[in-house]
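Labels A, B and C are assigned to the chains in the order they are written; within every chain, residues are numbered from 1.
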Amino acid sequence: MKSLKVRNLSKTYFDPYAGTKVTAVRDVSLEVPAGEFACIVGPSGCGKTTVLNLVAGFIPATSGEILLDECPVKGPGRDRGVVFQSFALFPWRTVLDNVAFGPKMRGIGKVEREKIAREYLALAKLSEAAGRYPNELSGGMQQRVGVARALANEPDVLLMDEPFASVDAQTRMTLQEELTRIWQQKRPTVLFITHDVAEAVFLGNRVIVLSKGQVLEQISVDLPRPRAWDALNEDDRFKALTGRVLQLVRSA
Amino acid sequence: MRLRSTLTSVLMFLAPFAVLLGLWAVLVPYFQVNPRLFPHLGAVVDAGIEAGRDGTLLAHVGASLLRVMVGTALALLLAIPLGVAMGVSPALSTFLTPLFRFFSVLAGIAWIPIATLWFGYGFGAITFVIFNAVFFIVTYNTLLGVATIPKPLRNAAASLGAGRWSMLTEVLLPGALPNIVTGIRTGLGFAWRGLIAAEMIATNVGLGYMLFVARDFYRTEVIVLGMIVIGVLWLLIDRLLLAPLERATIERWGMVQRA
Amino acid sequence: MTLLLKAWGAYVRVSSRWPAIASIVPFIPVVALWWAVTALEIFPRVFLPGPAEVARTFADLVYKGILPEYLADSVVRLTVGAAWGIALGIPLGILIGLSKTAHRVLWPLLLFFQAIGDIAWLPILVIWFGYGLTTMTLVIVYTVIFPIVLNTVLGVRSIPINMHRAALSLGASRPRMLWEVVLPGALPNIITGLRNGLGYGWRALIAAEIIVGTSGIGFLMFDARRAGSVVEILLGMVILGMLWYIVDSWILAPVERATGERWGLVTR
């Protein structure tokens, strides 16, 4: 696992409908030490998804740099794994084949990569679904496959783009707890994007508040782990932190 | 603003053709291609002007279009009511569907030999082929369209007091319309091809005939002219008639039921 | 009334076990009607012969070996033309689907040339290549290629962008993406295109055989027309209808449904 550093990242593009230049991301700098879980929160349109797409290399930056362990990166690649809001599972491949996709791209043999895939499916508690097709699974299960797939490729950094937004509230809470459990086992460096303030505080070591394309504040979250919703909902520190972040987001 | 963007998109659409025409005007003379094999751009233009002036082009185009219009009109007049009548009953429509699929399969060209036998050469045979091409496909699609209207919709209309006639005009026809329009589009496509094919062998006026007879005299400029006219005509029919029809009905009502 | 219902119930049960029955039974009244119409001589026998005559001619032509030969000729031409159409059409469709430039340049041309239609090319093809296999194959390729290209483009463009991105973030190289993402993603639409293309293709084949052919089912029908022999025309039509009906309903449509449904892709 590597550390992620973003330095003076900016993104401007031309909006043909408005006829003007739009700055989506303005001089954003942040740092996620190796093995840490950082969450970016902000209101809609604050540029957080753009930041993720920039870090992932899906779109080119206008200026600034992205560094993995002090080495600059450009363009997409397996060093930055992504979990998508829409799951983006390959519908023509079974769950097992989806998770084994990354290793397949690396040229790992069939037996070996299926073993890896099964290992990560077990981690996500989805072993029985291995032979099924994505469209046979519920949304929550599909997203767990998405997480397993990204992790099975052992990226240096894991990027998660509002991964639980398309899932119902109950399932979301379960998935969030699952994610922390998996994270504690594997300790990937995570950059997690969300608009849900409580989710950000629940999951992260650090919450970065974004507004209008700029970093407003970075807040440390030192709540003990493992974290569970039942306990935290009563915890004063959790409530205080959530309140603070919410205040920042709403003032933006 | 809207006008400018429409203009731009029209220009962008035409640009590749301008390039193609340019290449044609330059390459064919450059390689000294035998006019009996492929005509010069100028020759085609001349042929076009001539045929336009002496009325032959108009006669051919008119004959072809007339046949298409008559055949299609007759076919639609029969096909849509028939399709609705059959589609209303689930049992009947399930039973009859394979039958109409089979006949849709034969639509158009396969009927040319028997049509010329039954109707002789000329207007009758060709119009029959066109009628055929449109009739079976539209009936089948109408049947399908009516049969696949969700039952809740029909129930809702009934519980709101819709009588037989209202059910037909307010629920069945609108509900089946996307399929009907798809059927018309496909049917016309087959009809157009059937028209050209039939005119090549069964008549002495029409675009197909124009192409076929020019071949005998190696008048490639007439052939190419005819091909361009056929292409442009179909594009016009498609863009000015069918696409707006589809847009007005299907897209406006947000029913995405087809490719 | 209850008897009718009972019979209907039995029919539904049997046909759900053997779907082939549902495809065949509806034709029985039609054939019966046909037989009745000819027996009553509503139209002169010369114009409309009965099913028995058609069946007899069928047996006769098979015995003489003409029918199998003509059928083979037609099928071979269609297969060769279709194979070329697929081999050229799918790559072209993928190219146009993926590249904005290619799309802008080629799409208008595609629409126009498709509008000209396959049949209209026959006269000039005959001038260039004469009456032969080349002309007919070219016509079929021309016919088949357009639906394939257009549907492939549709398929490629309807792949959600996140699927491309997911593959990229999992380390797939661009060439690898073609095989792992683009092709499977577009496959349901490609098969639809193939089905449409073949539908147009065999029609073009028949037309070509009628107009410039020297053998094949289309030629059989046209030749019979010249000889005034309606039976053979009807026979040709029945064979064509059955053949394509079988291929389309029992082979192509299920394949199309299978890929679309199994992968949960809504392509229509």
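Assume contacts are C-beta pairs under 8 Å (C-beta built on N, C-alpha and C of every residue); 3 or more make two chains touch, one makes a residue touch a chain.
Here the structure is a predicted model, which means the values were calculated and not measured.
How many steps does it take, at the fewest, to get from subunit A to subunit B if each step moves to a chain that touches the one before?
Contact-graph shortest path, subunit A to subunit B, evaluates to 2.
Which chain has its Cα centroid closest to the overall Cα centroid?
Of all chains shown, the one whose C-alpha centre lies nearest the global C-alpha mean is C.
Which chain has its C-alpha centroid farthest away from the centroid of subunit C?
Relative to subunit C, the chain whose C-alpha centre sits farthest away is A.
Once you find the CA centre of subunit A and the CA centre of subunit B, what distance in Å lies between them?
52
Hey, how far is the Cα centre of subunit A from the one of subunit C, in Å?
Using C-alpha averages as centres, the distance is 48 Å.
Between subunit B and subunit C, what distance separates the C-alpha centroids? Give it in angstrom.
So the centre of subunit B lies 18 Å away from the centre of subunit C.
Residue numbers of subunit B touching subunit C in their complex, please.
Residues in contact with subunit C: 12-17, 20, 36-37, 91, 94-99, 101-103, 105-106, 108-114, 116-118, 190, 192-194, 196-197, 200-201, 207-208, 211-212, 214-215, 218, 220, 223-224, 226-228, 230-235, 238, 257-259.
With touch defined as at the start, can you tell me which subunit A residues reach subunit C in the complex?
It is residues 56-58, 76-78, 80-82, 84, 86, 88-93, 101-102, 105-106, 133-136, 149-150, 153, 155, 159 of subunit A that touch subunit C.
Over in the complex, which subunit C residues touch subunit A? Could you list them?
Touching subunit A from subunit C are residues 160, 162-163, 165-173, 176, 180-181, 184-185, 187, 259, 262-265.
List the residues on subunit C that touch subunit B in their complex, please.
Counting only subunit C, the residues touching subunit B are 8, 22-27, 30, 47, 104-106, 108-109, 111-113, 115-124, 126-128, 151, 154, 189, 192, 199-200, 203-204, 206-207, 210-211, 221-222, 224-225, 228, 230, 233-234, 236-237, 240-242, 244-245, 248-249, 267-268.
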